[in-house]
Amino acid sequence: MIIAERKPMEEIRREIAPYKKILVAGCGTCVTVCWAGGEKEVGILASQLRLAGSSEGKEVVTLEATVERQCEKEMLAELRDKVEGVDAVLSLACGAGVQTMAGFFEDKPVFPAVNTTFIGMPEKEGLWVEMCGACGDCYLDRTGGVCPVVRCAKGLLNGPCGGTRKGGKCEINPDEDCAWVVIYRRLEKQGRLDLMREYCAPKNARAVKRPGRIHAAKA
Amino acid sequence: MKAESRSVLVIGAGISGISSALELASAGFGVHLLERDAVIGGHAASFPCKATNICAECSACVVSDKLREAVQHPRIRLLTGSTLKEFRGEPGDFRVRIAQEPRYVDGERCIACGLCTDICPTDPKAICLPQADAVPLIHVLDEKLCLRSKGKECELCRDICPTKAIEFNRKRREEELSVGAVVVATGFEVFDAKKKGSLGYGRYPGVLTGLDLEHLLRREGVLRFPGGDKEPARIAFIQCVGSRDEGHPYCSHVCCKYAMKLAALIRHRSPDTLVTIFYIDLQTAGKGFARFFDEYKSDIRFVRGVPVEIMQAASGELEVKFEDISQGRVRRDTFDLVVLSVGISPRTDSWDLARILGLDMADDGFFDTAPSIGSNDTSVSGIFLAGTCQGPKDIPDSVAHGAAAASRVMELLGVPVQAGG
Amino acid sequence: MEARIGVLICDCGQGMQNIDFGALARQAADLPGVTSVNLSSDLCLDEGTKKMVSLIKDENLDRVVIAACSPDMKEHIFRDMLEKAGLNGNLLSMANIREQCSWAHDGEVTDKAADLLRMAIGRVRLLRPVEHREFPVSTEVLVVGGGFSAISTALRLSGVGLRTTVLESEPVLGEGAGEKEDLHGLDRGSMIAAAERDGNIDILTCARIASVEGAPGDFTVTMRTDGTETARKFGAIVLATGFRTELTPGPDALIDARELCSAGVVSQEQLLGMLSNLGLEARPAIVGFLLDLADENSRFTTLATLNNALAVKSRWGSEVYVFCKDVKVDSEGTERLYRETRECGVVFLKCDSAPEVTVDNGKVRVEARDVFLGDDAAITCDLLVAEELPFPVQETEVLGSMFGVRLDSGGFYQDENVHLYPVDSERKGVFFVGGCRGNWDIVRVLTDVSSVVTSVCGLLCPGSIQVDVEKVRVDPQKCVACLTCIRVCPHSAIQLVRVDSGRDAAVISDLACDACGVCAAICPAKAIEFEGYRDDEILAQIEAVG
Amino acid sequence: MMMDGIIVAFCCERSGYPAADLAGRLRLHYPENLRVIRVPCAGRVDVIHIMKAFEMGASAVVVLGCEEGACHHMTGNTRARERVRYCDTMLREVGIEKRTAVMVNISPNAPHKFVTAAVETSKILEDLREAR
């Protein structure tokens, strides 16, 4: 799942400063789940913007809407009427959603209200951790299902850096587990420790040719 | 099964009696809840919340919840101002005679509007709400304060009452009930600190009991120096007043904890206050207390040993004489306020009830338990004990003991198990 | 259709003289949807409620606002009245113009009262009916554990006619830790035998819980025995898994475990064995006890120490020293026992700091500063009975998270929250008894057992539970299955369920829900509605202010 | 503004609400500008409720929940505390300095604490108003 977090208020206000009537648009999928851009967050942001406006003596009119997925043109169609009536759109979707919106309503400025940060999972209520760097060159078969590219602070592919702390904690962030300790334990459990001896060639940094484009062969 | 065996008499509507009554009622029994006072709750309902920035687990709020639940329960019939007069029969089929003192204010009609109190010419007011959160929420007429008891013809309150709830010539009435079992939950008396004359209670205004302090905090919300506006700067708590001595061969269970909780609360509100606790053995065990004790123990000065004498100096300061064990000599320390941590004593009128019910008394003055499962059974089959009438308990233990007594009633009378899904 | 709101204002028999009720009534009458305004003085009395019932019927009202005293005391009466008039009890909103307006302020407060009335009217327009329904419950009870508290709970539940299953992870009952203490004359062997004979009690040994689902009256527990899994229904679950103990020869003991035995350091349990078996010639001349030095929660060892010190004194005639910080006498009968122990010659040495325990010539030596002597006391013991501390059993954490219940700061069951005491958990229908919730003295354990019997009876014996239907409800169309509500629900009332549309959505169990609204406030998709406290109902009140 | 000077108090029906009732019964007077909204638990109070109250012009929002460690729903009051803090931060983010959101933990039998909360919140507002 894509994880995002709200941009600093100052930045958001700078984005929309020239406009009076704004559509605050949420997305009902990833950013809802990570508490960054669902219907609830749309309501809160809109409310905060109205408050900001009133405290400056400037009237800000907000419309609110949340679609199931902003990264689907078809799902944006329902917003047409609302978008036509505003000066700008503030999107709480991930980068893909913002761009789809911007492309779909080309004559309206569309601004991001969140920073799309990583692909991750919820560790517990309200805490998300990065799991995947979308590098296009998956190593997980060799590492017991633990990605060292993002879960090792240094992105090392061939074992730990040597700075692992007592209790298997990371040298850089003592609150985090050292990814390579996790990998070792996992492989040990599975009797596949021999994999630790296998050399991993340097990562292919261009595994995904930008811009990425995947064509499903099946259809 | 006979209808009477589906109903239970609970004597005493303090926290353990209410706990019993609620449990029995929710299991389908009809409950007659007998209370001598005009309102329910007993001692437990008179304590203040002792939370600092965290809950002190004093359970005062639990009591409020349960009281409200009890008066709203359709299967609990509240008999306030009532006492037990006669008792006969056998388990499953007891006959009891109840006497209800005349209640000049009809509890069913009083809407607690307060007009009667406003108009009452006496000072202090003869008719008033006994407590702001009295349950039931009704005004009560104190005969002794009322002008009518002095032969005067005052009818102001009756005339102003918008719901015609007040009636002066009500008579004491009696009624006979048939019940299957009896739960005795008559509670305790607070030890009378005047009996320890050398501690100066009742003579020195700066000497209070723990209960006085609790009531003061509940009433005023803040701690003020008795009789003045100044906040006391040095406070001593003296433990085991009326516990663990010749007349009281038991620990009262509650005093160490309430003293420490009050001390923590005082320090929380006025961090410059110095608090000393004189003690024999600190009772710090029990769920939830260890956490609290760890948080506040460094805020309190603990002195092992219980002072035997308090003198008031000309300045009004209180001089506490105690044996400094570590130095092996008698020392004196001065305080602005001394709180006597009075213990739980058996009710002196327990004997009357014991005679009516045929119960045995233990030699410490509490009701005696029969050797059985737990400590709810008495020597009379069908009569069970709940709460502090059986021995000292704190609020959570009293609630538990009340619920435990209910289980014994259920086992005696049987609970029909309805086939479920 | 336009709402037909009836506004009933009660002046509490002129108990609120700083409100102009005529003006208040006129203001209310002008508000949209208000079809009738009525002024009275005795709304909560019999005659008042009767008048109201006929008014609701006559005026064909479909919702009611009452401006009177606090709903805290009287709301239930008024709800009943609505039901009597054929309206759903939830279609009532109250304006507290007495306690929170007239009585709280000096001077004229008609404007504020009008404000409160507008707020209530704003809310009442949006209220929807909430149905009640009876759910039949299973009357079978699962008791987890096989020690004293578990067996006595099972026996007592069976005694009131509830079928009970005892689930023990060990091969036999009664083998848990802490099972050797004095049980006030209760014989464990005969209790186990009674349980085994009892036709109402099923005993499963070597059994573990694999999963728990459902709500009070309707739990589904999957149990694993001998590698096979079976799922069964229970109405209530009692956790009585007991505790384990560990010997602590003082917090700063300078001896290691291997030395303990040879130096004569024993546990209370070993001492009991010696007391019943030891020949005369081996009687130790000096016996020491450590007590209340390692932990505040020493009620458990206090009783054992007092009883055993007394036994040592009377049977062996040894010199007995008890090293302790305080004697925890706040359990029934303990002060008496403490007196008796001292009177027969047992010496209590009170020390504020932990004594030093060393091994000297194969014997254990305890050195402490006695606060009464004001001096150091050093005693070489032939036998030292070390302090034992209670700890949670191993599976506590795993079972705790499986059941969705929080542990206390010592790692035992039951969060330190006064509203749960004595035996409740935050998950309705799940209870704790005895050692596993941190009660280790037998009197309190027995009270726990009785309390839990009461609670289970109250829950299950009626055969059904009355609940509000969908008072708090997830809209499956809006739910994005983010699991947030499931993670935050304090009462484990929410589950992910495959709904009609074939998608997964959160579903709230009416039986388990305690109507707090924590889920509704946190749902990022705004998919949860709490009737009576929906967002629009709350916002309508805010909008009506001013 | 419609609600200028108004304090909106979200009161948990287990604690803040009965405490307010008691204050009334004891005739402990507090500022008239307080409007109580009853909620089943402080944990029901959502960020948007607080924000809307400010939007409508409320000068302060107070959430009254049970004492910490004594919430009937375990975490309702601590969640409320975090939400209140978040709302207060959001006000500051948009440069609103003269209004405030406050969390108060209270027990149902603490009428004096309720009055103190009302009085102190008013005082905070006064101080904020005079600050510039």
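Some points to look at:
Order as written gives the chain letters A, B, C and D; numbering starts at 1 within each chain.
Just so we're on the same page, a residue touches a chain if its C-beta (ideal position, glycine included) is under 8 Å from a C-beta of that chain, and two chains touch if they have at least 3 such contacts.
Being a predicted model, the structure only gives us computed values, none of them experimental.
Of the two chain pairs shown, C-D and B-C, the one joined by more C-beta contacts is B-C. The chain occupying the central position, as judged from C-alpha centroids, is C. Rounded to a whole number, the gap between the C-alpha centres of subunit C and subunit D is 29 angstrom. Computed from the mean C-alpha positions, the centre of subunit B lies at a distance of 23 Å from the centre of subunit C. Centre-to-centre, using mean CA coordinates, subunit A is 41 Å away from subunit C. One finds 59 Å separating the Cα centroids of subunit A and subunit B. Residue positions of subunit D touching 2 or more other chains, listed in rising order: 18, 21-22, 25, 46, 48, 52, 69-70. Shown for subunit B are the residues in touch with two or more other chains, namely 55, 57, 61, 65, 112.
For subunit C, the set of residues that touch two or more other chains comprises 72, 103, 416-419, 488. You'll find the chains touch as A-C, A-D, B-C, B-D, C-D. The part of subunit B that touches subunit D in the complex is made up of residues 48-49, 51, 53-55, 57, 60-61, 64-65, 112, 129, 132-133, 218, 220-222. By the touch rule above, subunit A contacts subunit C in their complex via residues 28-29, 32-33, 35, 38-41, 43, 66, 122, 124-125.
Note for the complex: subunit D touches subunit C at residues 2-4, 6, 8, 13, 17-18, 20-25, 27-30, 32, 35-41, 43-46, 48-49, 52-53, 56-58, 69-76, 79, 83.
Taken together, the subunit A residues at the contact with subunit D in this complex read 9-10, 13, 40, 43-44, 47-52, 54-56. Put simply, subunit C touches subunit B in their complex at residues 12-15, 41-42, 44-46, 69, 72-73, 76, 103, 135-139, 152, 156, 159-162, 185, 217-218, 235, 295-299, 326-330, 332, 334-336, 339, 350, 352, 371-372, 374, 408-410, 412, 414, 416-419, 421-423, 437-439, 443-444, 446-451, 453-455, 457-458, 460-464.
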